[in-house]
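Okay, here's the structure, questions in a sec.
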Amino acid sequence: MYDIATIVVGIIQVLAMLALAPLLTGIIRKTKARTQKRIGASILQPYYDLLKLVRKDEVISDQTSWIFRACPWVNFAAMATAAFFIPVFLVYTPFGLVGDLLLVVGLFALGRFFTMLAGLDVASSFGGLGSSREMMISALLEPALFLSIFVVAITYGGTNLSTMIEASSNSSFLPHPQIIFAAIGLFIIILGETGRLPFDNPATHLELTMVHETMILEYSGKSLAMMEWSQSIKQIILFTLMVNIFVPWGISSSILFSSLAVGFFMFAGKISLFGIFVAFLESSVAKWRLFRIPDLIAIAIATSMIGIVLCYL
Amino acid sequence: MVSNLILFQISVLLFLGGALLGLLSRNSRFSRHAIFVPSMIGSIFTIMFSIGVITGKPITWMIPNAVPFFDLEIFVDGISAFFLLIIGIVSFAVSLYSIGYSKEYQIEKRTAALGFLFNIFVLSMILVVSSNNAFFFLVFWESMSLTSFFLVIYDHDKEENLKSGMTYLVMTHLGTAFIFASFLLGYIQTGSFSFDSFRHGSAGFPLFVKNLVFIFAFIGFGTKAGMVPLHGWLPKAHPSAPSNISALMSAVMIKIGIYGIIRTIFDFSGFGVSPDFVWWGMLLIVFGSASAIVGVLYAVVERDIKRALAFSSIENIGIILVGLGLSVVFASFQLTAFAVLALVASMYHTINHAVFKGLLFMGAGSVVSATHTKNIEHLGGLVKQMPWTALLFLIGAISISGLPPFNGFVSEWFTMQSLLSSHHIPSTILQISIAFASLPFALTIGIAAATFVKLFGMTFLSKARSKHAIHIKEVSRSMILGMSILAAACVLLGVVPYLGTSLISTAFHLSSQPSSPFDSVSIQNSSGKSFANLSMPVVVIILSSVLVAIFGFIRVLGGNTKKTAYGTWDCGFGGLNERMEYTPTSLSQPIRAVFKVFFKPHNQTEKESFGENPYLLKTVKIETVVKNIFEEMLYAPMVSSFVFFFDKVRRLQTGKINAYLLYIMITLVLLLLFVRLSNNV
Amino acid sequence: METMQFDVLTISGAVLLIATFGIVATRGFMDWLNAYRYQSIVLSGVTAIIGYVTGIWEIYIAAGLTLVIKSIIIPKVLTYVTRKLEIEFKLETNPYVSIRASVIISALLVALSYFLIQQIPFKSDQIVNAYLPVSMAQFFIGLFVLVNRRTVLSQVVGLLIIENGLFLFAMALTHGVSLLIEVGIFVDILVGILISSILLFRISRTFDSLDVGKLENLRDD
Amino acid sequence: MDSLISNLTILFLLLPPIVGAGLVTVLKKKRTIGIITICTASLILVQVLLLVSKIVSEKTITAFGNTFYVDSLSAVILLSVSVVGFVAALYSKNYMGRQYDNGTVDDKHIVRYYQGFNVFLLTMLVVPIANNLGIMWVTVEATTLVSVLLIMLYFKENAIEAAWKYLIIATVGLSFALIGTVFFYYANINANTSEDAMNWTGMVHDAKHFDPNLVKIAFVFILVGFGTKAGLAPMHTWLPDAHSEAPTPVSAILSGVLLNCAFYGIIRFHIVSSASIGPEFSSQLLIILAVVSIGIAAASIYFQKDMKRMLAYSSVEHMGLISLGIGFGGLFGIYGAILQIVNHAMAKPLMFFASGSVNQKYEAKAMSKIKGIIRVMPVTGILFLIGGLALVGMPPFNVFLSEFMILSSGFKSGQFIATSLVILFLVITFAVFLRHLLKMIFGNPLSEMKKGEMGKLAIIPMAILCSLVVIFGIFIPAQLQTLIHNASTIISGGGFA
């Protein structure tokens, strides 16, 4: 078992994730604004938004039930719990004995399940539209995700994220060509999971293109804050996974303060860079038509399948 | 301490008594109690003795020559007891539920027959699992099929129900024929119908006999389990039956098919550690994956709530079979640890499915009995009028979608881990094909979640879509209570997987056993590090503490804010009504479109016009329907080829006496020639 | 002596076969009846020969019975019944196989019966040797008549041919099983003919025809 | 020496129907003759039960100097004859009464019916106890003639047609049976000029010395001959016609026991043939015909429109199963086949009675016009249902056990193809038979149907049979077990390997 210090570091990792999540959103938004030749809001704007929202009164649709009201809390709890199992700047997390990557995926699915129900609960055609699209996308993302996890897990010897990232930080890419394929697949999946272009446009309010936004259209005040925040947490978790599994450089392998500090800064740098990269990518592609999205997911599945074959050959 | 055997006998007698009361009872106020209370108590006894067996010694009991040449042998070992426990739990909950549910039938004065059949049905399931003789196994098996058939056609006013019942009966009988053939192979090898002799003699069967025993049993039991492509009866029979019966059938009866497959593999077919048997496992995986994906695809586009649940049963049977198949593959390579893992996964899912599908069918039954429609197009907004049913159904829906922290997640986690463990198999082809098999598996889980979003959302949320869903009342207390028992089981099995894993490993005498409820389930990788860990109690603790923490945090941060109820955003136009909502059909439209190769969706248009003029339309009804490829490509051609043959044969009976005499003449001459030519004198 | 006796047996058998062919080759009801009467007389003669050869006196009784029942009573009954019928029945209009072809088929059936019987040990019993194939041929021809003909009456005649064959067969093989059983068989046949006559009568009443083609209501297609 | 007692036993057994027929002819009162027939039938039943218990202890009884010979096999047939005769007599009273009320029959018909009924019983009683195979043949032929008279009782078009076909085909068939019988006799006198060359006991005794070729040809004739009467395909063609057109109680007897009587003939010669040339030859032929029968029955039931025709085809199927069991041999096969004879004799009359009641209630034989029996006449409906389920071999009813044994012996004896085919056919039969049956029993009846049963006397015989069907599914009395076991030993030629 782990000692107190490790557990404290583990909890610090979780808090860091929760705290930094809006910042990452801010960085991406800022970058996108800059690429569009706008100045854009401050990268701290998401924090201001959250603060503003939690202080506001709520308007709740009279059609809704307790499901609608429970959804933001369930969402947040699921995402925050998921954060417990992610090694951030330490190569392992003490909560690795509690849950693994599959649990993280399951928690995401729990949040999404409630979000879809909330979309249906408001009895407008918007909510149904969003849920319907989300149903399709999430259902198709599931196998892609599992296949890429499959590749990573058998390459690095576990779905336990601590084991996985420890193994990846101790080895290089070269003997594991399948990891590159898994990375491509996982990257596409992350775009889908976080509702980024070309799957979904987080900045739109046009019913033709919305997916996620339609489901949370009726939320206001605290509930909206919760929804937004949990979405950011989900995003930072996925990005963290991406950078820590595939580019674990600089991650701290012990709980010494110095190496932890190095690990933290490396992590912040990597994840910002990754955010900026995603933002650039978003600026350069358009949203795809809904029925072309399966094609994109198919690419993710195909790369993961190639990864599997490469694992065994 | 009363011995388990006596408990067993008492529970059998109780069910018999319940059946007898069903036959005798007049239609009084308490007749429902009189019928279902014995079955409740019987179920409790069943639970008691099966736990007794799991923790203690097996029950053996024998009545020699109960029927000429055949001994009634009862043998309850851990495996049987495990399934008996499932039967006991579900039938207890369902009996409780039935007290309230059957009120509807009391009005039409038909509770008595329902009670009789119900009790006999449960009893025969118990006896099937306990019997240790092929003859009696088949007797109980068939009476199980028969009683369930009568329950399926219980509402025989509807032609449709009668048809589904027939499909069920015929298919299950076909399955029985295969089971019979499998047993007969054992019989000709050992010269006895006792399962004991199969058990002892099976190792010595020639390989092809072993294979045949397995194949026949697989087809036979697979039919009962509702495995694709032998599932045709299931989506017809389950919706036709009264809902308490659907719950029993889906939750328990199809599991007995699984029981049969397990028994056959590990007991009767001489399975052993040898690459000869790998293909059995692969067969199970292939058919399991097919069942899972086909079942869930039909479930997601279905509009009939009970039929969607039935299709979902096919899906879950698929998942169970995948686990079982993996276990067989691992076992035949002597990867014991992983075989155990996969078996636990499969059995865990078995008990989980029993629990949540029973719950969901009862929930659906409550909805149907309150609204009198099974079509979710006509429902909506029930959460406000039936809050308890909604909550319980939601628990079931979350569980079946495989979401933490409920039980579905745990078993699916185990199954996924077993799939991941396939990299230990010393064969590249198998490694890759099992890895690819996880593709349909994962897709199934994804679509299953979508299915239950649709089912729950369309039934309980948003506005009522028709008058069926307006002015209805919450169902009676016993029904709620019945459902709550299973809902509690869902939660318990999810939060404390220790319950399930220790149950399974004790029942099946597996090597690795978790020591305490809070130990995390752990799987080691080849370098001795943790491959995966899961400790659901801690997850739940984290989940709830996060919930409390964030609630407090937000409260502190934002202070007390007001909540105002107002109409849903209608883009300022006003008049948002139920016709503008998404319907179940439109909700699943994207998935239907993505899998259009499979569904072949098309619109059926019915037009009714005023008088002669085809352009003056009174009503136009457009319905989007999907094709049932199994029905069209498999069942229909088979039936029609048989009918073609029948048609040829009936032409023999021409009505002409000359023809009849000719047949006699031909027969005589042919037989004489046969004699003449067979010995050339 | 032996060969001589054998010749007699063979020739009488041949005569019997020719008589049987007579039934096959005729079309009118009275012609059949006459042919049948003629065949029955030959049969009783043959029976007498068997009696003579074996020296069992009971067989002479059987021969006498045959003569009385088959060549007198049965034809009488049949003519009596048919006289009461008010419909046109006298001619077999269209058998399935033409008369010419049926004669040839009958010949083939005779050959077939010789072929089939070959393996039975005759134990140098000349009676069996001579009459067994003949009686067998009679069964087949009788059956063929039944299959081929389309009127109720001709079917009765077919039945009678089979009965004659049966009688000869029993005589040839067993030289009279036992009188009791012989009588039983005779009574059965007589009652059978009586019942079929009643039926004949009823059929003609009910269907206004003796064509078995009318009797095709009960079928499956 | 108890030969006097034996003689008297047999005599008293055969007396009631003779006296009954006489009384019916003399009295001619509609009510009385029905009761007289019930009395004769019950007398027969009582005597047969006594006789059977005697057979169980003594194994064989001979009477009138070897003319009559009763062993366990005969006893089984006698039992089925007497039980079915009794319930049919009971049912007749109600049935014919209703027919009379309908105006379908008049007093003359009823007298003729009961005369025929008594004589029919008599002939069927003689068949199984005749040791002399000639007498056996004569009585089998006599059953044909009597039953033809019974079938054409009311001179309806279809009845006449059926009677004609039945008469011609059965007579032709039986004449082949006689040929076979005489061949066997010839074989016997050639082998050994013993006194009782025509007696079955004598034949079995000397069978080893028979000429094999002769036995083969003879058995073919026997099989085709008695097979025609027993309704084995493809000689079964008369059967659906005759069984569907006869008055219901007669159909029940025809299907339930007359077929057994004819099949009894085959079994007797099968024993002789097995003793002579080993069981392979006759078994092979029996299996072939059995498979054809079961297949044709399965296929034919699908298109049936008439309830009683469907039941008739089911009889073809069951005769096939019996023949299959005998053909497969072994303890299970033969025991199963005999049990099947008994079981079929219970279940099929039950079905015929129920269908008779339904016919009278709905005034229709076409199945398409019959719906919702269970609503209109619940008791009959349930009895009908149980009978049907028993017939298709559903546990816990009696036929399941016998079918199970027969099919097991099929695998055991290595006849995989035949057994698999039969299993397939049985599944088909199951499907098509129940499809028809359930459509009639369940569903909504036409609205103008008045609820109500057909009277106690119609229910009681069915209830008797139904309780037998249920009881025999789970429990067979020890005495009957011994009886059947002894009978199987006789068929297998003593002992089982």
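Residue numbering begins at 1 within each chain, and the chains themselves are lettered A, B, C and D in the order written.
The working rule: contacts are C-beta pairs under 8 Å (C-beta built on N, C-alpha and C of every residue); 3 or more make two chains touch, one makes a residue touch a chain.
Everything numeric in this text was worked out from a predicted model, so none of it was measured.
Counting C-beta pairs in contact across A-B and across B-C shows that the higher total falls to A-B. Nearest to the overall CA centre, using the mean of each chain's CA atoms, is chain B. Computed centre separation for the pair chain A/chain B is 35 angstrom, with centres defined by C-alpha atoms.
Separating the CA-averaged centres of chain A and chain D is a span of 78 Å. Taking the mean of the C-alpha atoms as each chain's centre, chain B and chain C sit 69 Å apart. Once the centre of each chain is set as its mean CA position, chain A and chain C turn out to be 99 Å apart. Contacts with at least two other chains are made by residues 164-165, 168, 172, 176, 213, 217, 240, 300, 303 of chain D.
Within chain A, contacts with two or more other chains are made by no residue at all. With touch defined as above, residues shared between interfaces to two or more other chains in chain B number as follows: 650, 652-653, 657, 661, 664, 668, 672, 679, 681.
If you check each pair of chains against the touch rule, the ones that pass are A-B, B-C, B-D, C-D.
The residues of chain B lying in touch with chain A in their complex are 300, 380-381, 383-384, 390, 394, 398, 401-404, 409, 413, 416-417, 419-420, 423, 428, 431-432, 435-436, 438-443, 445-447, 449-450, 452-454, 456-458, 460-463, 520, 522, 525-527, 529-535, 538-539, 542-544, 546-547, 550-551, 554, 557-559, 561-570, 576, 578, 580-582, 586-591, 593-594.
Residues 96, 112, 115-116, 118-119, 140, 143-144, 146-150, 155, 212-213, 215-221 of chain C are the ones that touch chain B when the two sit in their complex. Residues 164-165, 168-169, 172-173, 176, 213, 216-217, 220-221, 223-224, 228, 234-235, 237-238, 240, 285, 295-296, 299-300, 302-303, 332, 335, 389, 394-396, 400-401, 404-405, 407-408, 411-412, 420, 423-424, 426-428, 430-432, 434-435, 438-439, 442-444, 474-476, 481 of chain D are the ones that touch chain B when the two sit in their complex. By the touch criterion given at the top, residues 66-69, 135, 138-140, 142-143, 146, 153, 156-157, 159, 162, 165-166, 169-170, 173-174, 177, 180-181, 184-185, 187-188, 193, 642-643, 645-650, 652-653, 657, 659-661, 663-664, 666-668, 671-672, 675, 679, 681 of chain B touch chain D in their complex. In the complex of the two chains, the chain D residues touching chain C come out as 132, 134-135, 137-138, 141-142, 145, 148-149, 152, 155, 157-158, 160-165, 167-168, 171-172, 175-176, 178-179, 182-183, 185-186, 189-190, 198, 211, 213-214, 217, 240-241, 244-245, 300, 303-304, 309.
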